[in-house]
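One chain, chain A, appears in both complexes that follow, with chain B as partner in the first and chain C in the second.
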Partner chain A sequence: MKRSVFINGIGAVTAQGVWRPEIFSDAQVIADAITPADQPSYKGLISPGVIRRMSRGMKMGIYAAKQALEEASVTIPDAIVTGTGLGCSEDSDKFLRSLWENEEQFLTPTSFIQSTHNTVAAQIALQLQCKGYNVTYVNGAISFESALLDTLMLLQMGEGDNVLLGGVDEVAEQTYSYLQAGGYIKAGSIHETVKTSVSPGVNYAEGAHFFSMGGHKIASSYGEVVDVVLQNDLEPSEVSSFLQSFIATNDLRPDDMDAVILGYNGDEQDDLFYSAIQLELPAATSLYYKHLSGQFDSCSAFGLAAAAFVMKYQTVPPVLYWNEKNYPKTTWRNILLYNQYQGKDHALVFVRAC
Partner chain B sequence: MTGRGVAVTGIGIISSIGNTVEENLQTILAGKHGLSRIANFPTRLQEYIWVGEIKHSNEALSDSLGLTSPHAFTRTALLGACAVRQALESANVQDVCDLRTGLISSTSVGGMDYTERYGMTYLTSSEWHRYIPSHPAGDSTHKIAQYIGIKGLVTTVSTACSSAANAIMMGARLIRSGRLDRVIVGGTDGLSKFTVNGFHALMILADAPCQPFDMHRKGLNLGEGAAYLVLESEEIVQREGKGVLAYLTGYGNANDAFHQTASSENGEGAFLAMEKALAVAQLTPHAIDYVNAHGTATPNNDLSEGRAMQRIFKNTVPPFSSTKPFTGHTLAAAGAIEAVYSILALQQGIIPANLHFDTPMEELDLIPETETQHQSLSHVLSNSFGFGGNCSSLIFSKA
Partner chain C sequence: MTALKEELKRQIIEVLNLEDITPADIQDEEVLFGEGLGLDSIDALELIVLMDKTYGIKLSDPKKGRDIFQSVETMAAYISENRTK
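Moving on, here comes the complex of A and B:
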C-alpha cells in the first residue's frame, strides 16, 4: 500500500531572501544576468572557524535544511536526498585555478575535498549526526526532481517517516563566466526580465531549497506531493502526450488542474514547451516563478515551494500570475508543475492540497 | 526483499584490465594487475604515481563507438557509452524503447577533463565552447542516453566513490516500485588532472601498487573505467524467457556522519550499510560467501572497513578481497566495476585475489584471499564507500 507524502516544512535561501510568509509579497523581479542569493546571517548556526571554509552552497544548504526541519519539528530525518546541477562549483573552481596557476604544485586539499557534489548533503548529515540514507543527484534541470522521486519512493514504501529533500546550486564566478561566454547566461550589460527578454541567454541566480517531507500530515503541512515523472528528451510536439499520460496515470482529467506552475525563463526555445503545456490545460491558472528565483539547475525547487505556499494559504500571490487576466478562483486543490531546460530533463510534478 | 530480487540480465565493463567482460575475467584469473604510469595526459605526477589507466585515447574510444566528430563527449561519457553498449548486447536488448527503460548513471568527475584542458581559453576564444555544456556531471549521462537512444527516465547519482552502488540501488528500487521494466545502472569516471592532484594533495596516493588490508599499505592508486548492469523485472524475465546472470537481492545505504573525508574508527557507516543490505536480502551474515571489499588501501579505509566487517560477521568473516589492485580506485565507477566482478564471482565460482597482500594488520585478525580461489558461491556482498561518509553495500545472489 502506497502511503501519501506531505510537505511538512520548508526552508530556503534565495534571490528573494530566506523562506518566510512575506517572501512573495516582498519579491522583486530579477532583471540582472546573475543575481546572488540574498544571504542571511549564519551567526549562531555555524561556528565562525568552520564558516570561513564553507562555500555559499554549503552555507545556504545548511541554513535551508535547518529551517525546513524546524518548521516540521523534525530533529533527525530518516534520510537526506539532494539534487544539484553543478555541485560545489566554488570549491571546484578554486582547486582548478590553483592547479592552473601553480602548475600542479603547492595544492592544498580543502577545496578538492569540498568540491564533490555530495558535500552539502554530507555536511548536513554530519551536523545532524544523521546516519540514514544519503544520496545526491546531479542531472541538469531534473537534479531536484530526481531527489524528489527518490524521496517519494522512500516514503511511499515506508522506508522512513521523514526525509529531508533539497536542491542547491551556487553562483561560482568562473563557472558562471563560462556559461556566460557560452551564451547560456545573458551578458552582464543586459537588463531584461523573463517577460521582457529578447537577448540570448537567461537570467541566472542561485539558491538552496529544502523540504521536510513526511509520511504523515501534521499541523504545519503545506500539501501533498502525489507523483513525479522524469523524461530525458522531448520535442515540443511530444509535450502533449507526455502530459496526458501523466495525468491519466494519476486518474485525473486536464480540467482537474487548478493551476499549472511553469518554468518560463525568457528563452524563446525553452518557452515553447511551456506554452505547449498551457494549451493543454486551458482551465488551469498559469503561474511562473523564474522571474523571482532566476535560472539554475535546481531552481524548480522554488516552483515547488511556490506551489506549497498556494496550497497552504489558498491564495495566489499576484506576482506569480503569468497572464494579466485570470479567472477568479477561491480554492486551489490540484497543482501541476512543469520544468525542462533546452528540451532536455523534463519533469512533471503533481501536488494536492491536504 | 521478497521473491528473488531484481534480475541482472546484462553486464558491460571497460577498465585498465580489459575492454570487455571476458578480458576482465581473464586478467583476474591470471592475477595480473592493471596499473601503470599515466600516458594519456601530461602531469607532473607522472613519475610518482601508479594508475589504472585505460590505454586508449579519446579519439580511439570515439572511433570504436562510431561517433562523428566534432562532438562533445568527454572521456567519462566515452567510457560510459562503451560499457553501456556492451551491457545492452549482453542483455540481448535490441531496442531500448520496447519497454519502460531507464538509465541511472553516476560520475564524480563528469566533464572536468575537458574543462581543465580548455577552460582557460573559454573567455578569449570560442574554439572549444562546445565543451562548456559538457562540464556538468549529468551531461555524461545525457550523452550516453543519446548514444543508445533512451529518452525516458534518465538521471545521475554523485556520491563520490559510492556513486555507482547508489545508482544500482536506485535502479533496483525503480523496478521494485513498478515504475520501470528495465533499467541500465552503473557508473563512469575518466582520469583527470583534477582528480589525481586532488588525491595527491590529500596525501592518500601510494607511490607503488596498492596493498589493501596490508599492515604496510601506503594508500590508493586511482583508476578509470565504466561498468553498467541491465536490471529487469521478474515479469519481463518470465515473459521473454531471458537469461539471468545473477540477482540483486540486497542493498543498503547509510552515512557515517563522522568526517567529510575520513571514515569513523569503528566503521559505523559501513556496518549500517551492510546490515541494511542483509535485511533487504533477508539473509543472515553467515549466508555471505564472499565480500568484495571497498579496500582502497588507505590506512583509514581498510581499518575502518575491517572493523565494520568484524562487527557484522563477528568471528566468522567470510573470504574477502579488494580488487582495486587490478583496476585502481575508479571512483564513481568502482561500485559498478566491482558489481560486475561480484557477478562474475557467482557465475564462475571464483574469489578474485587481493593482490600485493603481505603482512596482516596489527589491529585486526583479518587476512584477505591472496590467490584466486575456486569455489561455489551463493551470495556475494560488495562494499562501496565515499567522501561525505556515503556508505553503500550491495548483495548479489546466484541465478
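Moving on, here comes the complex of A and C:
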C-alpha cells in the first residue's frame, strides 16, 4: 500500500524575500523584466572559506534547505532530490566567458567545477554530511515536478522517511541577456505585470525553494502531496483530457477541487492552456503566483509553497486570487496545480489538506 | 616593489573572492596557505593561472610553487625577477 507524503517544512529565497508567514501579505507584484531574489544574510550559515566560492544559486539553495529541514526538525534527510532548468548558470557564464576572452587559455578551476547542474544538491549534502540518494533533475520547466515525482515514489514505497526536495534557478547575466534577445524575457525598458502584459516575453526572476517531505504527518505539516503527472507536449485542445484523466485516476470529480493554482505568466500563448483548465474546473477558485515569483524553470515550486500556505492556514492571501470576484469559501481541502511553459512541460500536482 | 605588492594583494582578493578582506588586511610576509590567509589547493590553481595570465610566468614545477606562494612578499619577488608581461 502506498504511504501518504506530507510537506513538513518549507524554506525559500525568492523575489519576495525568504519564506515566512508574512511572505504573501508583504508581497510586491513584479513589474521588471528581470528581478533578482531578495537575498538574506548568509553569515553564520556557511563558513567564510566556503561561501566565497559560491554563486547565488548555491547560497540560496543552502539557506532554503536549512530553513525547510529546521521547520520539520530533520537533521539529515534520507535523500536529497532537486530540480533545476539551468543549474549554476552564473558559473557556466563565468567559465565560458573566460574560455572566450582568454582564447581557451588561463582557465581557472572553480567556475568549471561549480558549473554543473547538481552542484547545489551536492553542496547541501556536503554541508549536512548526507551520504544518501542524491539526484538532480534537469528537465526544463518540469525539472521541479520531476524531482517531486521521484520524491513521491521514494516516500510512497517506503524507501525513506524524509526527503529534502528542492528547486533552484539563478539569474546569470549572459544567459538571461540571450533569453532577452530571443524574446523569452521582456525588454529591460518594459514595466508590465502578469495581468497588464501586452509586449512579448515574460518577467523572469530566480529563487530556491525547498520542502522537507516526510512519510509521517507532524505538527508543522502543511498538507499532503497526493499525485503528480508530467507530459512533455500538449495542444490546448488536449488539456481537457489530460486533466480529466488525472482527476479520474485520483477518484475525484472536477467539483471536488477547491482551488486551482495556475502558472499564468503574462504570455498570451501560455494563457490558452490555463484558461482551458479554468473552463474544466468552474467550481474551483483560480489562483496564480508568477506575478510574485517571476518565471524561471523551477518557479512552480513557489506555486507548491503557495498551495501549502493555503492548506496550512486555511485562507487564501488576497494577492493570489486570479479573479476579482470569488465565491466565498471557508475550507480549502483539495488543490490542483497546473504549470507549463510555451506549450511544453505540462505538470499537474494534486495536494490535499491534512 | 611596493606597488607590485599592493597590485598583487588586490588581484588575490579579486581572483579568490576574499569577502570582507582589504589589501590592508594582508601583511606582506603573512603565510597565504594553511594558517594565515587560509588558502587551499584550489586557490593555488587560481594563483598559477593569475601568474600566467597577468605576468606571463608559467609554473611547471609544483615544488617551486610551495616557496613562491609562501607570502605576497615571495610572490612579488619571483614576479619581478621572472615576469614577461
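One rule holds for everything that comes next: the second predicted complex is superposed on the first by the 354 of 354 C-alpha atoms of A that agree within 3 Å, B and C clash if a C-alpha of one lies under 4 Å from a C-alpha of the other, contacts with A are read in each partner's own complex, and residues count from 1 in each chain.
Just so we're on the same page, a contact is a pair of C-beta atoms (placed from the backbone, for glycine too) under 8 Å apart; a residue touches a chain by one contact, two chains touch by 3 or more.
All figures in this text were calculated on a predicted structure; none of them were measured in a lab.
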Partner chain(s) touched by A:Ile51 [first = chain B, second = chain C, both, neither]: second
Touching partner for A:Gln39 - first (chain B), second (chain C), both, neither: neither
Which of chain B and chain C A:Val135 touches, first, second, both or neither: first
Which superposed partner A:Asn326 touches (first chain B, second chain C, both, neither): neither
Which of chain B and chain C A:Thr116 touches, first, second, both or neither: first
Contacts of A:Leu107 with chain B and chain C, given as first, second, both or neither: both
Chain C versus chain B, contacts on chain A by residue: B
Chain B versus chain C as contact partner of A:Asn232, first or second or both or neither: first
On chain A, the residue positions that both chain B and chain C contact, one per complex: 105, 107-109, 113
Partner chain C, residues of chain A touching it in the complex: 48-49, 51-53, 102, 105-110, 113
Touching residues on chain B, where the partner in the complex is chain A: 43-45, 103, 107-108, 110, 112, 115-116, 119-120, 122-123, 126, 129, 132-133, 135-139, 141-142, 145-146, 150-160, 166, 170, 173-174, 177, 179, 193-194, 197-203, 253-261, 268-269, 272, 386-390
Residues of chain C that touch chain A when the two form their complex: 15-20, 38, 40, 42, 45-46, 49, 52-53
Touching residues (chain side chain A, partner chain B) in the complex: 80, 85-87, 92, 95-96, 99-100, 103-105, 107-109, 112-119, 121-123, 125-126, 128-140, 142-143, 146, 150, 153, 156-157, 174-175, 177-179, 181-182, 184, 229-234, 297, 344-345
